[in-house]
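Below you'll find the structures, each written out as structure tokens.
Both complexes below contain chain A, partnered by chain B and then by chain C.
And now, the complex of A and B:
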């Protein structure tokens, strides 16, 4: 069977199945379970309407349960077992994680990543969006800044390997140092700061994303509110921070959330640039290093990542909801 | 609390597109000036130039005797109310009104006092802690007005403030603005609208803008009773003034005119010169000034094609001999549905008959009348 035909059939079955489910489920509810007939007609209509929302919710609840809740619970369960998965060891995986120096480094580094990358990418994106808004060549600048978005993390890492190259003839950092008469060094081996050199790569990629979304949001601000603020005596900085930014706060939160989630998933950059050496390990790459060797421990790391994301997510969702109401 | 003076004010875009020119206006303190004009006439642009939101490309704008062409908006002593309200959506009513004062670095006590006073004046006291989205359209517009009041500006600028409101609210808010003006007799207000009723009811003087220039400036009734040109005559009043072609057949203190359609003669108390004898003119009569007559002196004679009985008045639409002409309309008091299909003769009192020679009223023939060269509607 040709793939096109397969695709078409899949779509038909999928969409038809959905329509069929809702149609039949409602039909059965109204005609068989609570038929609006005879003495019970009025009561049955009310009962059917009380049940009806569940008909629509059940498929989503099942899908989320299967693909979201079950994996979470399953991972947690697996993390309570040993390396082979045949012996229940309770919280031992977690206890040994906390005891592990490498895990603590990865945890701390990840914390830095979550703190710095979304903040910087959002801030720079907002800055670029505002600065290029009225420029004639603003669109060219924006295209250039957006371009890294199209590069894979591994590709971007390769590009930055050249930037950070431990050779004044290749790496721009060392070229600058050399012209200033300083020694050549490998930026990726500078303790602590090498984390930030890696973050720069993700910021470089994500600024374009933030810029595009925030630029659209800035254009959506009613011009009159800006003019009213100008008449009210606000200077350009006050207009930006007190009129424009609050009006697009919802979008800023969404951008921030999206980048935060991304940061907690990224392991490619660290993997490609340093392989987690020189104190640059982060949780996803730390997890990768245990995967398939010790699944008990790897799922424990995965669970820790989830716990780390949780407060950020909750805070962001609360913020986003506040914006909506 | 100031007077404004516009001298040869001009607005061009890109050095070539001239949207406003030769705008000369003297606005005295305490006046409520209304800019009206057909859409695209530049009335909002002129208001924005006074506000400082648009650059003045020629001429001078003085507020309180000081040229303010290059003074930023916030230092001109103006406040503006926008058509879309332009409230800050993320601030409560209180913060919206306080914003300008906070920016100006006023003390908290001072701000609270000003906000409370404005809120009371506009019956907003109970809404101070709400966000704009929790308010109705009329309340939002009151907040926008309140935001300008707290700044205690010299000049209030209103840019079509009522056009986003529904009909009933528009009438109510119009009255509120009129009352506000009464409470603040010292304030100068400039009000842009395309709604004639707003212009006629609110204005101390109306500025009719059209074709990039000032067609006429005057009190509402002056414009209604003595329009200087056919343009203003047809722009002010609804339905528009009827314009009928005719010829001057008698001159002097009063002018006698013979009309082409129907061949009737009618007298106007517009004076004319002996040399005007035989001149081709347009005779203007407002629909509401048309009277049914059976005498030989009539302005128009025709068949009523449609009647619209509105209760208090009936509109008569006459069939024109040339179909490209606008219909002649008569507005009679009471209900006259039976006139449909009838031959009717219409006349008007001499003081209601306007005479235009080459588009200019005979009353203003010595003045410098600007003819916009555009259609009034």
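And now, the complex of A and C:
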């Protein structure tokens, strides 16, 4: 069967199945299990209403449980076994990870990514948001800077392969170097700094995201505070740093953490640009290099990523609970 | 605001210029790719894309196929290089020939001598050539079956072509990959929406014990790294018989997309006016009716936001496709095709790479520019809250 036909059938079955499930489950609940008839009608309606939320939630809970909760436990459990998955070896995978030079490089590089990418993307996003705020063509400018968000990491990597190409007739970097009389080189093979050249790609993508959110936050600042500062003689820089930035600090933190989490998941850029060579490995790409080869090790790396993300997760949950009360 | 003293200043110009600078900086890489994808593959390696509108100095290879005559101990070949069979495609007759700038006898140095001068060749004689392509090649032995090699450097007019695209879509299997990407994307976008909408309604408007806990769980699951899911779920899929297949990837994308879907939709639904829902309840509407007739239509903007997110995410995904789809050629999606095949086998063929990249980002860009409003709204609902 062709995948297209299979896809069409899946949409029909999936959508039809969902609607059918919700409709029939409601019908059965109201008409068969707790019918609102006879003398216990009132009690049955209450009972039905107590069950109904769970009817609505069951498909989502099942999917979430199976595809996100179970893997956390499953991955950890798998990481305690050897390559073939038949021998329990405790924390040996983790111990050999720490002993592995490649893992330490990946961890250190990832640390650099986490340090640089969110900071630069947030800073540039804030800069663009502020600069375009009162510009007549600001929306067009924002839309163009936002555009890389729509591009896949693979597509973006290809775009930047052209920029970094090891040929003065193709790569703009080398063209600039050649016109300044310098040798042609491959930027992706320059030790240590090649990490930063890869980060540029993610910054290029994420600045638009930061900009959109921070721009909305800047718009939300009460005008009076800005006006009052101007009347008191503050210059534009002071208005920006002393009045505006403190008021949107909460949003800045949210943007920062969102990008941080993204940084810990993106393997595409390193995978397409260097394949993890020349000392550019990061944790997600390091994990992929073991995927299908040594699942015990791959899951151990995945769990390390989970541990790094954990504080953010807890902080998010705490914030969400605070908001609800 | 502009009228307030202190804001309107000499800074305005600086602001305009710096924004312009940033926008140009942001666009240059993409424009380079777009321009390159339409250029002739020989011209790409001969001159930079920002010189695409100008004539390109290119080296060409030909053979001295002119008339042979013997003169004492020398054999002499005379003719015009543009008549050579290898140059007929590049310089069709009647279109007028560009002037030859330089010529040579080795591929390593195709422009060894400027026109009008004499160059020693490897057959013991010399080669001279004029700007109009007329050459005289002398050698000490009779030419064999294959006439000797000639190289010229000439300017060719800029050439734009769709041949990169036809190569990519035809021979390189990107056409098939495009269909596969669509096949993965559409069900993976549609199915989570429905499941999430019901769940979001329950979490927003129905009262039951454990609701707060569930919401917190959804928030927590938002940041679970996908990497964790790969190994356990793939082995689960293999155990239940789904294996690596389209069904598997649809299920996976549905599961991975749900937290954001539920979170976005719940945040939106909570903000809907309470009066409407309560008066509907008073009128005897059941939760199911309220959901279908009131909540769903009112939540359209949030549904659209999530749909765009999920569409972009599944379309652009490489990780899930690599793991959950079979690695056979005919079921590869575009991202895998580019990352695993083209970059390896076509690594130096820039025209093909550029065209392939553009085929893969065209649809997301279209969606982006037509539905940006919903995308922005979704981002704001997801993050500022």
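Observations on the structure shown:
The rule is short, and it goes like this: the second predicted complex is superposed on the first by the 240 of 325 C-alpha atoms of A that agree within 3 Å, B and C clash if a C-alpha of one lies under 4 Å from a C-alpha of the other, contacts with A are read in each partner's own complex, and residues count from 1 in each chain.
Just so it is clear, contacts are C-beta pairs under 8 Å (C-beta built on N, C-alpha and C of every residue); 3 or more make two chains touch, one makes a residue touch a chain.
None of these values were measured; they are calculated from a predicted model.
In the superposition on chain A, A:238 makes contact with chain B only, not with chain C.
With both structures placed on the common chain, the touch criterion links A:249 to chain B but leaves chain C unconnected. By the touch criterion defined above, A:202 lies against neither chain B nor chain C after alignment on the C-alpha atoms of chain A.
For chain A, the partner touching the most residues, choosing from chain B and chain C, is C. Within the superposed three-chain model, A:18 lies in touch with chain C and out of touch with chain B [touch as defined at top]. When both complexes are overlaid on chain A, the residue A:126 reaches neither chain B nor chain C.
Look at A:228: by the touch rule set out above, it reaches chain B but stays clear of chain C.
The interface of chain A with chain B overlaps its interface with chain C at residues 227, 230, 233-234.
For chain C in complex with chain A, the residues that touch the partner chain are 1-2, 4-7, 9, 11, 15-16, 18-20, 22-23, 26-30, 32-33, 36, 44-50, 179-180, 182-184, 186-187, 190-192, 194-196, 198-199, 201-203, 206-208, 211-212, 214-233, 235-236, 246-247, 250-252, 254-256, 258-259, 262, 286-288, 291, 312, 315-319, 322-323, 331, 335, 338-339, 343, 350, 353-354, 356-357, 360-361, 364-365, 367-369, 372, 375-376, 379-380, 383-385. Touching chain A in their complex are the following residues of chain B: 51-53, 72-75, 78-80, 82-91, 99-100, 103-104, 147, 151. Those residues of chain A that touch chain C in the shared complex are 3-4, 6-7, 10-11, 14-15, 18-19, 22-23, 26, 30, 49-50, 52-54, 56-57, 59-61, 63-64, 66-72, 74-75, 78, 124, 127-128, 131-132, 134-135, 138, 141, 143-155, 157-163, 165, 167-170, 172, 175, 204, 207, 209, 212-213, 216-217, 223, 226-227, 230, 233-236, 251, 254-255, 258, 261, 264-265, 267-268, 271-272, 284, 287-288, 291, 295, 298-299, 301-303, 305-306, 309, 312-314, 316-317, 320-321, 323-324. Of all residues in chain A, those touching chain B in their complex are 222, 224-225, 227-234, 238, 242-243, 246-247, 249.
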